[in-house]
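In the two complexes below, subunit A is the common chain; its partner is subunit B in one and subunit C in the other.
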Partner chain A sequence: MLAGNPFIDPFTSNEFMRHALVASVLVALVCAVAGTYVVLRGLSFVGDALAHGVVPGIATALLFGVSGVVGAVVSAAVMMTGVSVITRKSRLSSDTAIGLFFVGMLALGVIITSRSRTFVGDITRILFGELLGVTTSDLGWLLVALVIVAIVAIIAHRPFVLMSIDDGLARTSGFSVPFFHSLMLVLVAITVIASFQSVGTLLVLGMLIAPAAAGALVARRVSTMMLIAALYGTAASYLGLLASYHYDIAAGGSIVFVAVMLFGVTAIISAVLAHRHDDEVPHQHEHHH
Partner chain B sequence: MPSAAPMRTLAVIIASLSFGALGLSCSGGTSADSPPATNLPTVVVTYSVLAAVVGDLVGGTADVVTLIPDGQDPHDFAPSAKDVETINDAVFVVANGLHFEEGLDGLLGKLRDADGPVFFVGEHIAVRNMAEGDDHVADHAATDPHLWLSPGAMLEMLPALATELGTALNTDLTAALNAVSADLTALDTEIDDIMAQVDNCKLITGHDELGYFADRYNCELLGAVIPSSTTTSEASAGGLAALKEVIDEHDAKVVFVGLGTPQAVSAQIVKETGVRLVELSTHVMGSVTSYADFMRLVANQLADALK
Partner chain C sequence: MTMKFPISTNTITNTMHTSICTIKSESLTVGHGHHTIIDDLHLQLMSGDLLTLIGTNGSGKSTLLKTLAGLLPALAGSVSVLGSAPGSSPKRVAYLPQHPVSSHTLPLRARDVVAMGRYAHLGLFRRETATDRAAVGDAITRTGTSNFADQPLRELSGGQQQRTHLAQVLSRQAEVLLLDEPTAGLDLAGKHAVAEIIASERARGVTIVLATHDLQDAESATVVMLLAQRIVAFGPPSQALSDDNVRTCFGFTQPH
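For the complex of A and B:
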């Protein structure tokens, strides 16, 4: 028993570790798809805003005994509609509109949770999730989200890729940029909503951006970026959980911290390599698919 | 792509719905229980259980106002502007002080610095340190704030409270002090009798909340879902695995959960170890109205589940 394997045994002997690993890997996969577009199209701020903006909806839903997912969906819809209306109807930039809704919704969330006499709407649990208490039905929700996100990403692959390069390119190819932009936001919203129950709203953003950023750093094709992001996210899930187990630290935080560290290491290595191969032609990852 | 007009209508509808829901959820509670319209001076006590003790002491000589609504977690309470006013307007403020009311630390500290009328219970009892091995990095306080869970600790701080409070209210509380002290002594014996029904008192709780109780009534603390003196920490995988081992090793049958215990994590522990979750109201008065009834309820909840 003492001769056990410290890299595997925590998972074989604890169901909560297996559930947490499966949940965080599913989150990593969903985030790899949505996150790559977030990084390529510079939607990090919207992602952050969505991740925090769903808090009041979740808190309200839990207060009334409804599933937090319902509240999150309503909140996300309010935010995205509000942002697009403000951006379209006023001279304000979308940044300002997003910021307004971000702080407004988060403040509302704090107000609701601070004055609730019941304890179910506890803001700590909403922000950090309960990764170590993930149930099989939570895993089901994540799987559904993964399938939806994957299908949308496959169907809208071409306009999404074109928009990642340049909006004009997508427009000249006959795609409605506002429509596909909204669709992309819906994708991010689905990701956030599906992930908050396990990793919490605060840490969804880390999973959304860090692995995808690493992917964008080393790959050129969108699908390769997603693959790398998925691998990084999976590695971060495993290593983060292992760290939480052996060093007795918070699970959700460990995973995201590892994800960001992996990005940092990748960034340093690729910078060093780029410096060394300064004179050479930039390395192209051209494979035929 | 949807046109702007219906989108805007939708936004208005959704927004008004969500604000309507907010209105509903807020109508239920003002933060501090509004003091009755009397000319009595106001004594503010930070949380409900402590307020019950103070209420017994002051009797009809002052209005006791509870700042943190009963049922809210005092560990992560954030005061509203009204709460700050209530504290500033109070003739006397009684608080736990051992970093228990985390959100009030700054406010009460300022009051103390200004030589304001504030009484920290933690300064008048033999403070319990968190057991060794509990000293997690996240814990800013190594002291255990859950002092109200032992009538003995209440007994200890009462003379000092009676003196300071008597001065502030300009009344002599000696008679009340003697009466309440006698009641607390009797209560202590009563709890001791209740806990005597339990042969082997081993406790696993939501967070580390039963230290004073365990020390006084000969219980052993095995562990907690959140091994911390506060509910605001997050569970770790290592901590949870250690808890599972403790449960197996001691063949524990019950985990006592309450305010601030992560529900999903607790449910997972049940699933993997077969323990039973028992509600324990250590931070809430709920339907009971006196400190004695509160302590009896806690003791009976423990004894019924363990014997």
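For the complex of A and C:
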């Protein structure tokens, strides 16, 4: 112990590192639950739109000295309404309309922030988070978010899984697709709001998607996928923070980078294994007519 | 064009069940938006009946099935399934969509996909009981899904996935089955299995509406409807499947 342990000491000797680790692990858990359904339903793009759409709200809140969370909640509500109206009414493909909507919101956020005297500091904080400045009350809010996300997942698990196969299947099984679709958007919004402080709105999508996508490649069951996503997210939090401490690099960026790298390695390994499996056991195809 | 098809299907071969009317439509118009496919349809199906819809792709078979499943609104007229609006009895009606196979890599085993057929009974919270597990096991056996039940869906061939989705529909143990091309992608053994399933479901009083482009599937039906963006023929197989009708429906005569 004389030389110090580079894997543990950063966290035992610095309170800000401990807070950062707890915060990012909580974010990883929230993202594992929400991300699993987002990946299954193919909602990544909507998640991205929501994450960027909250920027003007946070910027306005900061400009007036209000908590960024309040601004995020308001603008997330605006974004969600916009996204669901667009999905239902748009004559363009919903990708195009949602994409324009979110980039418009992002531009608005930049405009609002540019009125602030500390423009660069504020926009950086919103986009990339401020993981090393997390307070105990922030941790409390993250815990609340985790509880809410877990409750929603317990309530809506069955319709969410049905909808990941087909909306019609959920409908003919007696579940209201518009209601549960909105509930999933709420789940994503809560995740974005909970995570923007630690990893920022630009990077939250990485935490939402990468661990869950890695889980989808490996798992045979939805519950296993969620568990793998939680483990990957936790590992990325720890490794990212460690790298950030030792090499003096951005904490949020390091965590998300590790998460995406872990996904990449998993994707390569599972592709290689699947290829081998194909060579050993040729698939038996039934005839198509 | 307004045609009346007053079909009364009281010629049920199966007398083990008291026949009750399960699907009824009056002056029903079916289509997408402004595009009408079926106009002024009067339909009455009893328990144990099989209505076979025959036609090429895009002929309107799926549109009628989706309307009966409650996924598309009726454009005009009235239709009821088990005495209420389509889609309002999810526990008692099961629908197999065309190409239900999902493109992305879902982490679900075939067994899990079959068990999802019970969600209509289980709702949000109810735990699986022995009844649910028995229904799932029975559906897996009858569709020949047992050999790959524990494999992930994404590793299955098209035919295996089709059997899995059919098993899901059966596991609901519904009173009305709406099947959109259940034999698509199946080999001969699979087609025989589906024919056996249809016969045994009818024997226990289930009403089946089956979309197919295989004329052989129509011969045992109570009523046959030939579709080509309109109703070409509608009646008992012996009348509806005349060479003229089949030629109009497909553009050529199939041997049958």
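To be clear about the criterion, the second predicted complex is superposed on the first by the 270 of 289 C-alpha atoms of A that agree within 3 Å, B and C clash if a C-alpha of one lies under 4 Å from a C-alpha of the other, contacts with A are read in each partner's own complex, and residues count from 1 in each chain.
Following the convention adopted for this analysis, a contact is a pair of C-beta atoms (placed from the backbone, for glycine too) under 8 Å apart; a residue touches a chain by one contact, two chains touch by 3 or more.
What you see is a predicted model, and the numbers here were worked out from it, not measured in a lab.
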Which of subunit B and subunit C A:225 touches, first, second, both or neither: second
Touched partner set for A:162, first subunit B, second subunit C, both or neither: second
Touching partner for A:199 - first (subunit B), second (subunit C), both, neither: neither
Subunit B versus subunit C as contact partner of A:189, first or second or both or neither: neither
Touched partner set for A:212, first subunit B, second subunit C, both or neither: neither
Greater residue coverage of subunit A in the superposed arrangement, subunit B or subunit C: B
Touched partner set for A:31, first subunit B, second subunit C, both or neither: neither
Of all residues in subunit B, those that touch subunit A in their complex: 1, 4, 7-8, 10-11, 14-15, 17-18, 21-22, 25-26, 28-29, 31, 69-73, 76-78, 80, 136, 231-242, 244, 259-260, 262-269, 271-272
Complex contact set, residues of subunit A against subunit B: 10, 13-17, 19-20, 56-57, 60, 63-64, 74-75, 77-78, 81-82, 84-85, 88-89, 108, 110-112, 114-120, 122-125, 128, 130, 132-135, 176, 178-179, 182, 241, 244-253
Partner subunit A, residues of subunit C touching it in the complex: 66, 69-71, 87, 90-91, 93-95, 97, 100, 102, 104-109, 112-113, 116, 119-120, 122-125, 152, 157-160, 185-187, 190
Subunit A residues touching subunit C - in the complex, by the definition given at the top: 40, 42, 155-156, 158-159, 161-162, 164-166, 168-169, 171-175, 215-217, 219-222, 224-225, 283-289
